[in-house]
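One chain, subunit A, appears in both complexes that follow, with subunit B as partner in the first and subunit C in the second.
== the complex of A and B ==
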């Protein structure tokens, strides 16, 4: 009976986490890991007295809720984090057509299917993950390298190529590619500096990359919101989603592939994984793209946690696994299944919360201009980063924001900013990170 | 095929170079990356270089022509007539109109093949998501114009082409007998998609292999040259893989420039139940990608010093016949592995997709819908164009 009570308490904490994520979904750009970071700091003094599974469940609940509900702020306020920035156009189209609620539900369907994958496939296919880990471990640096190469090479010119001479046309055509390449290059340098020089206070070292990520992705989106002349049209609550079973299956299939890849390979986030999975499965429909994004994000954030708890694998990938690892090491099959149960329950509840919150946001936007929400979010971001990482973190946030504005202003891929983690991790896994850092005078 | 399919295929071919796989394990040597990079290189050369250096003929920049639809229609008709009269190809391009960070003016040109009329339209403003902004349409009297052309046109796809976001459409008018055929992206798959250029550009792979030779080969006789040749092989095979994959379609490529001048017609590969697939279709791309990833994983495992798994058929055959030579072991294991990891899942997906299309007759890829070769060619060109300009 006592055991059952303990399980029940765990689930309640997980549900509490999911409820907390509702608050996050109203605040654009606030990442779950910001709040989870606070939870870690709050828990550390009580490590000897409080069961570590309690904060773990709370953190999992927040992450599951965030993986499902964070689509809200993006769909309605066009704010994107590093994992969502890649499918800006279809959801933006839905928003401008007054169909953001429909996009939200499609994304939620993707998240539900992602939850089913995490709950059913990961436990059943545990040996496959172990084999894949054993085969691919020596080649992880190559896989990240392939992602980087594809990413750079697959960005096509978006400008006209106008000019009288071939050179003039080339220069004009490359006017979006060059800022993208520059962004990749400068983000790589930024990443190397952050990885090899700990600027933030030592007690916040586990959040050292956070200000950079928030700066690179969230700040530019918020600034563009503030200077944009766009008005959000009246949003409609549709009774059904305009998607066939085929679109749901194909969209979620691509999302699962991308999410599984991102949850497994170091440094790769849901953004590039979703982009690559979309290409891999040759998607073209907006609906499939949105569903795919929902599934990919869920599997990326939550699947990584499940793989962390998976006995025999215990793969530490993703911000949550790293933060949990600060005070807890999963050891038993029981802990794995408790985690899976928490994911199932909170994932299911989060979907219904998503439907409710989406309606709430529609009402909110009718009375509050999205620019005010963006301004509040921007101020909040600075406060949170300063509180967590001091003035040093705030400085990193500003530098990240300036770099992030380059692709935003020049129509380049904003995902180029992800070089901030891709490049240093790839170089480190290839064993040349310290050498390159030495060339840069960082050692 | 889509860019990622070429990329993965090139990367997969690179994993057949055992020395490169082992160098990756022993010294974190990254020469294998060349496979993926060269796999996508032909399209990179076309969409980032060739299209700009291609000599221009008739170009309309709506900004500088004050959005005059008459000029667009007349110039296009002139290009068609010239191709017909001179029996030489002519080219025509319309640039897009960017009005702000997220706003574009939409234009369109359409063909009436019976009346031999081109209609050019200047439409309203759209955002980058291609959503129209209401109330931005020009006055009706200034929004359209027509021009007549002389020859019969062969134009087997959508009769209306839109000038919307990012890059505008490229047309080529090709004289065919007494008619003129409408093609797209004339600069695509010329010199860049060839075996000759692949072999030549592979020289960079040789240099990189020579420079980044693993330490255990550096002092060996011809060690650097040996690894340089591996670099050349990875690069060239990646490039050739792209050419071969594209040759499975109808459009084909110019395979041996400067010895050949025109594209060699492709094999027009037929997928039973689906007909001829376009380069952007899900089924062929997914099947190639899945197979390539599976083969790469198999190669990584088989060429490793310590295998993570051994296909049961190898154990079974070895128990009966004793230890096998490596090449036989590789093949026996691959048969077992491919059946489970490639053939079985792809068969299920293929059959389910086929059943779905059978039930959805409105789907344009429904197998019973026959299309002409010209229509197939136009479809493939448009698919290629879509790939090159897809949003990211």
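== the complex of A and C ==
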């Protein structure tokens, strides 16, 4: 009975985490890891008395909820400008057609399939992951290098050189690529500085990369929202979604592939992984893209945690695993099964929360302009970063925000900002990180 | 037959068209899949998902995705491009999500029956380093306790023997504190020599040593201690090979000798027939399980002691796993409240008795003792001697008011109030100041 009581308490905390993530879903660009960081800080004084699995369950619940529900803010509250809206973001297209709820459900379908992968495939294929880790470990830096090359090269060709003179056509062809390359370069330098010479306070060192990531990705999105002139049309709450089984399977397959890759390879996040998987599986449809995104995001965030708990592997990849590792090291098969159970049960609840919250956001947007929500989110982000990392982190946030605005304003791929973690980690894994840092005068 | 079938379809279509016209006249929005088979009276061989009933019905469709009228033929919305026919219902998807709940419960059930297999100590290799392992065996040494600088916890270390080998088990501050806090007589959490334990933890294996580090208090379980009563004469007369080491025994008798060492308290307990047994209580056991009756018991007191047998030099000794298994049957100490003047006027009456002096003043100090009197002007003083480890929280300064509890005993040609360690004896500031 004591065991059942313990498990019930664990599940309740996981569900509490999922409920907390509902609040996050309303705030565009706010990441679960920002909130999870606070949970870690809050737990540390009670390490002597509180079972460490309790905060772990809470953090897993927040992450599962976020992985499922983050699509809400992405679908409803991330507004692309009119020049790229139909080109880059299918979910923005759906939003403008009044189909954001349908896009949300499609993303939820992808997340459901991601949940099935995490709770069924990872436990059954545990030895495969151990073998993969042992085989691939010496070559990780190469894999990351290839990811970087693909990411840069896949942006070409983009613009087709419209202009009267050859020089004008040349400039037109490079007008978005050059800022993208510049963003990649300057993000790499930014990342090296953060990795080797960060001035975030020592007590917040475990969140030293957070201000940079938030600045590079969240701030530009919110600023674009604020300056955008778009109005969100009335949204329809559909009872069915436009998707065939083939599209669901192909989309989720690509998403699983990308998410599994991202959850395994250091520094690679869901975005580039999803892009690579989309190319690999020749994705063409908006529906498949959305489903793929939902699956990829879920497997990336939650799959990484499952791999962290996998006995014999204990791979510490992703912000959540790193933060849990500060106070807890999973060791037993029992802990792994409890984690999988928490993911399954919380995932089940999160899907229904997704449907509810989507309806709630539609009602909210009928009353409140999305610009006000974006403004509140921007202020909240600054407060969270300042509270966690002080004025030093806020400064990093501002610098990151300025860098992140470059691709946003020049219509380059925002993923180039990922160089902030890709480049330093690749160099470190290749063993030349300190050398390069020395050349830069950081050591 | 084929002609009849197609004529039947034509009739059915006409009927359906009429029904739809009626519905349209009522202002109802229709979607082909919302029109039931019964309403259409379609032949079952016709695929409902690919057929439209009437051209007028086509014009009255509403896109289920964007909720706008569809004004063209075909199965796609002309506004948003959504497929009007091939769709998945959200309720169906929600139902399939319920399978996750089932999977979650199954994994919880699996977790409840999952156990780490027991590993024989002699099978551990360097490859097992840092792995989570489980061993079962007997604690073969008195636990060591290395207190940390804060004084409330520390490192617990003991050896476990499972007949194939021996391994050192350790727990560090946080886990040890949990063991100490939760240790009771009925549910022991501090292992003692002779205990059968089941312990899990992280293996620390090197070429020269093997160990386990306990990471959680749930990873150690101690089997119920079953003590067998044994006569003191049996223990006293047994040779080295006559009894089994680490056997759990219980004895009763009177203390005839008590020695306080820095590492242990050693008592000799006699059965009244000339036989005695040595009860050896290590300081680590006292630190881990509490003082209990160890210090308050005196020569002449009747005690009951439970512990494990261990051969030491030329005799058997009994080592308790916990001080809770050492019970002194003497009455609790009663302190006689008195004054310094009365005490020194009736020294024989108070000889050997516990006394309590309230609100007396320190009138002089030496290296190990100080003098107290009822007041600064009182000519009658008594010496107070604070033994090593005894409770003395009052500053030893002349003029300080103190409350004193101790035993009144002769010392040399004089008398003193002796404050003993591990008892309720104490010297504290009077009134809490």
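One rule holds for everything that comes next: the second predicted complex is superposed on the first by the 424 of 443 C-alpha atoms of A that agree within 3 Å, B and C clash if a C-alpha of one lies under 4 Å from a C-alpha of the other, contacts with A are read in each partner's own complex, and residues count from 1 in each chain.
What we mean here is this: a contact is a pair of C-beta atoms (placed from the backbone, for glycine too) under 8 Å apart; a residue touches a chain by one contact, two chains touch by 3 or more.
These numbers come from a predicted model, not from an experiment.
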*asked:* Applying the document's definition of touch, where does A:333 land relative to subunit B and subunit C: first, second, both, or neither?
replied: second
*asked:* Quick one: is A:97 in contact with subunit B, with subunit C, with both, or with neither? Answer first, second, both or neither.
replied: both
*In the superposed arrangement, which partner chain does A:284 touch: subunit B (first), subunit C (second), both, or neither?*
first
*Applying the touch criterion given at the start, work out whether A:112 contacts subunit B, subunit C, both or neither, answering first, second, both or neither.*
second
*Which holds for A:190: it touches subunit B only (first), subunit C only (second), both, or neither?*
neither
*In the superposed arrangement, does A:135 touch subunit B (first), subunit C (second), both or neither?*
first
_Partner chain in contact with A:347 - subunit B first, subunit C second, else both or neither_ = second
*What is the shared patch of subunit A, the residues that subunit B and subunit C both contact?*
97
_Complex contacts: residues of subunit C adjacent to subunit A_ = 64-68, 79-80, 82-83, 86-91, 93-94, 96-98, 100-101, 103-108, 110-112, 114-116, 132, 174, 177-178, 200, 202, 215
*Of all residues in subunit A, those that touch subunit C in their complex*: 3-4, 7, 11, 47-48, 97-99, 102, 105, 108-109, 112, 115-116, 119-120, 123, 236, 238-245, 248, 311, 329, 331-334, 337-338, 340-345, 347-348, 351-352, 355
*subunit A residues touching subunit B - in the complex, by the definition given at the top*: 86, 89-90, 92-93, 96-97, 131-132, 134-136, 138-139, 141-142, 145-146, 149-150, 153-162, 166, 169-170, 173-174, 177, 230, 246, 250, 275-276, 279-284, 409, 411, 413, 415, 429-432
*Residues of subunit B touching subunit A in their complex?*
2-4, 7-8, 11, 24-25, 28, 30, 32-33, 36-37, 40-41, 44, 47-49, 51-53, 56, 61, 95-96, 98, 101-102, 127-131, 165-168, 280-282, 285-286, 289, 297, 300-301, 304, 308-309, 356, 388-392
